Amino acid sequence: MIVAGIDVGGKNIHTVIMKNGDILAKAEAPSGIKKGEAAEQLYNETLKQAKLKREDVARVVATGSAAQRVAFADGVIPDATADARGVIRLVPSARTIIDVGGEEGRAIKISPEGKVMDFAINEKCAAGTGTFVDTMARALEMPVEEMAKLSLQSTRSIPMNAQCAVFGESEVVGLIHQKTSKQDISRAVHDAIAGRIASVARIVGLEDDIVMIGGVAKNVGFVESLKRDIGADVVVPNDPDFIGAFGAAAAAAAGVVEEKVEAKVVEKETIEEGK
Amino acid sequence: MAKYKTKGLDCWGKAKELRMKYYKDYAEAHDRGALRWEGGAWTFDAIPQALEGEVHVLTEEPYGASCGANPEVQVRYQEAAEGKWGCARDLCAYLRSYWGSIVLDEFIFGGKWPKADFIFQNHICCSHAKWLQVAAELEGGKVPYFCFDVGVGAYDKIGERQINYVVGQLHDGIEFLEKATGRKLDDEKLIRNVYNTYRSACYWAKTCELNKAIPAPLDEKTMFSLYVLGTLEKSNEAMADFYEKELYPEVKDRVANQIAAVANEQCRMLGDSQPPWGFLRVFRYLEKYGVVSVASLYTFSLIGWWKVNENGNLVPYPTLEEQGITIKDRDHALRLLTEGELKGKLMWAPFYGATYKNDIVTKMAKQWKCDAAIIHLNRGCEGTAQHQMEMKIALANMGMPILTFEGNMADEREFDETRTHRLIDLFVSETLGLKKVAD
Amino acid sequence: MEATEILKQFNDVWELRHEYAKDWKRRTGEKVVLYFCTYAPEEILYAANILPIRVLGGHEAPSLATPHVFDMWCPFCRDCLSQGLKGKYNDYLDGIMIAQSCLHLRQAFGAWEIHVPTPWKYYLCMPNAVRSPRAKPFLAGELAEFKKALEEWTGKTITDQDLDRGIDIMNTNRRLMKQVYEFRKEDNPPITGTEAMTMVWASQLMDKREHNELLKQLLEELPNRKLDRDPGVRLMIIGSENDDRPFMEMVESIGGTFVIDDHCTGSRYFWDEVIPNKDRLQAIADRYCDRVPCPNKDWGTEDCSRTRFPHILQLARDYQVQGAILTQQKFCDPHELDIPSLRRYLEDDGIPCYFLEFEVTVPVGQFRIRVEAFIEQILAEELFV
């Protein structure tokens, strides 16, 4: 059976087409504002890559913060569920998942069967996301990948604000003016984000094996900072940003999906009603 | 086919009527030559309400909650407090709405802001004493202001010394009231008010106790509209009668006849803190999965009085009638009032440590047979949000699945409904493994 | 010893506080108790031969604290908890105590009680109605209970002589620090705001008997100390806990000098002495009720007045302050509740104010721009007076 998974995040969309557990094609693109349209376009491209037509795919499952916008999906699953289903297939010993994307960082505790037991998400005033990394890289006038590699060269720890991205950026500018080396600033940025994510992860408790996924998992500087903060090793699977889509495809294969609910405005209730 | 019978509360209309009359009386007090005063929901209203003549009170938190239930108005009021007065946005959400009302000279129930003749308050969290201190300033700085301290220790530490300290302040408070108003305190009225306070507090607790039944006769969303009367004026005869003679018997009857709050109850939830008032539909969303919130330290103990019995269980505090006590005089009335408040109101306990809160909520979870907990990490109220993460750890150690979500009880700018739904969907469908049972 | 050397010793204690405490323990063989909040009755701890040290943060992101106290609470309090969870005190701490005040610190204490292994813990119900005549006898009763608990723990009775000793140690320290502060009234103070603040931080972290000896030496040096700097604009710093050295140094490098302060790592900590009384515990209770209050205890029983505001204004006048920087730790309710009123109060008296929100680390670069502009504004206004 051929199935597809689509992960529509705030920043990026990932698609995976799978047959009997093997990936036939995958693709990614920015989500943009019109996420539904972008998802459809990317899906069509992925089909082309796999040399398939829509009717060849038995089931499409969407996940991610904008999953409901995928008009052609047969169902949706929550993103943490997709993460869990994806990770457990690749790393059966996984018990803690740390997923850091563009707009959200989350930690998930899973059972040996891959069921979500507990989860925590970065809340307000939390700078532990990919967007924060991008902002800091811009302040340092270098690509994110370069900043990541540079951070590995630093041996100095500089505490930095990671509660508020605006404050954080101000501090980076301040460090630049103090002529702090770019290596040290890069490491400070990664340490700050890692600290935020580690604090979210500690809410669910850190149990081996700890698996890191999401776009920020490709950031070698962040992964190193995270390992240092939590004092433990982390497993980063290949293509960590595709794990959500992979998990959604796995859910499609297993036939475990929620019916898609049409987005609607719920009637406003007042405190007097009580009904 | 629904699992249980369900129907609305017969006394619902009466509750609404009492609430609206309360606000109307406050607004119109001066027209009738009556006194009006501002205080907190936790203030010992029995005392100022014992002044001779007609007296009405505006309690600050329910007013703030009423603003919170109306997000458009709430934002306008809070922006006035933040923009015109200049306060920080992370202060208590109720407080900002209250201050904003005064700054704009608006009363959410209609008309201009009704200025108080005096302020009679007690100090609980960082904000309470200061809330009305600033309100007095905003109202021109001339409003007589009295505040008393109840921070004497948790319910198991209350002895003569602690009671003497509070009662001493209350005697001073009476002197203040008589000087500020030119009226005498009527001891007979005070005594009646104290009996009424006990009735309101104890019968609310008895009503909450009935929620141990399966199915639960009440859901938390409904309970919010019922406990509120005790936050307005516990000492009021009509309020006390409502709790003792209307609500409690009706809920008892529901238990006897297996009438459920939620027809498809399949998962019993423990809650915590105020809900996001502008988004109570979250509870209705949960009910689609048969999830019903049946217990919460906040809902049970904001006005309800409890004690831990010799078996270590939470049980309702006994009324004065049940204790066989006849109030002799003013001092006796004040002592009994203080004792009931300090020993019975378990909401004070978390102020003294996480171990207290953990102990109470774990007992509650067991006794009310809760399957899971949803904790609203309430950025709008530090008093009720204390030790919520410790509570999560304690409940998790019991093996209970827990969802936490950040929000704000009365600031809609701080509540992300879409995100909260996502979290609920994940928790309910994945962690709890529940399917929808209703539309 | 020269003033600079003495001030360096204060800074060393602040930076190496754990090493100091461990060394003190080794030397004396006595216990160390960490207190949360400056309402803690240190007199009684000294009477019991215990070293009281104040909990302060490490200016590091408090990531260990999040599972215990979520992020909307005061970052200083969360940082304090994080230090405990990191085990920074494990090697030497014998006990913790809190004299209740703000909820933020109480939460940190509550989580510490459960998760940081500490042999002895105590919660003191410091009254909130400090202006009520009922508060002083109540607090004396609380102190009696506290004293009894200490006696049970240490196995030693605390006598009146012990209490006199404790009161003397604390009063001497307060008096000497106040004398140092007098020098800051000078046109070109021989001690900067950063140095003065470091002196107070050290007081909270070391044996005050040792601190007193250093203070006496400092007082001998200060009359002859001339700082090679232009004092610039005379500033007051007001607010919640502050031990942000980089911020203080930055302001004092761009044309300002902090000549006075009102916060609990500054004058509010030591301004008032115990007035001796035959009933020692009552005397101590009176002091803590009468001291310059934390905002959350600054309310009354007749009207909406505060006692802290006139005190701040008097300090501003006595120290010829040209502007005030109002700081608060992010989410700090007690100060947030007072700041709009305080601002109006000072500005009505011709003292311009500037507000800054602090975190465990601050964006010094951005703050520099803002404080520079504030200083320029003050100078420009004075030009046209």
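Letters are used for the chains, namely A, B and C, taken in the order the chains are written, and counting of residues starts over at 1 for each.
Note that in this section a residue touches a chain if its C-beta (ideal position, glycine included) is under 8 Å from a C-beta of that chain, and two chains touch if they have at least 3 such contacts.
Please read all numbers here as calculations on a predicted model, not as lab measurements.
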- What chain lies closest to the overall centre, CA atoms only? B
- Query: Any idea whether B-C or A-B has more C-beta pairs in contact?
  - Reply: B-C
- What whole-number Å value describes the gap between the mean CA coordinates of chain A and chain C? 43
- Distance in whole angstrom between the CA centres of chain B and chain C is 35
- Task: Would you kindly tell me how far, in whole Å, the mean C-alpha position of chain B lies from that of chain A?
- Result: 40
- Message: Can you list every residue of chain C that touches 2 or more other chains, as numbers and ranges?
- Response: 66-67, 70, 72, 330
- chain B: which residues touch two or more other chains? 377, 379, 389, 406
- Message: Where in chain A do residues touch at least two different other chains?
- Response: 123-124, 203
- Interface with chain A, chain B side, in the complex: residues 8-9, 12, 16, 65-66, 69, 221-222, 224-225, 277, 280-281, 284-285, 377, 379, 389, 392, 396, 401-402, 404, 406, 414, 422-423, 425-427, 429-431
- Would you pull the chain A residues touching chain C in the complex into a rising list? 123-126, 159-164, 167, 170-171, 173-175, 177-178, 192, 195-196, 198-200, 202-203, 229
- Residues on chain C engaged by chain A in the complex (per definition of touch): 59-67, 70-72, 75, 330, 359-366, 368
- Item | In the complex, chain B residues that touch chain C | 85-88, 90-92, 119, 123, 125-127, 129-134, 136-137, 141-149, 151-153, 161-162, 164-165, 168-169, 172-173, 176, 351-355, 377, 379, 382-383, 385-390, 393, 406
- Which of the residues in chain A come into contact with chain B in the complex? 65, 78-81, 84, 115-121, 123-124, 203, 258, 266-272, 274-275
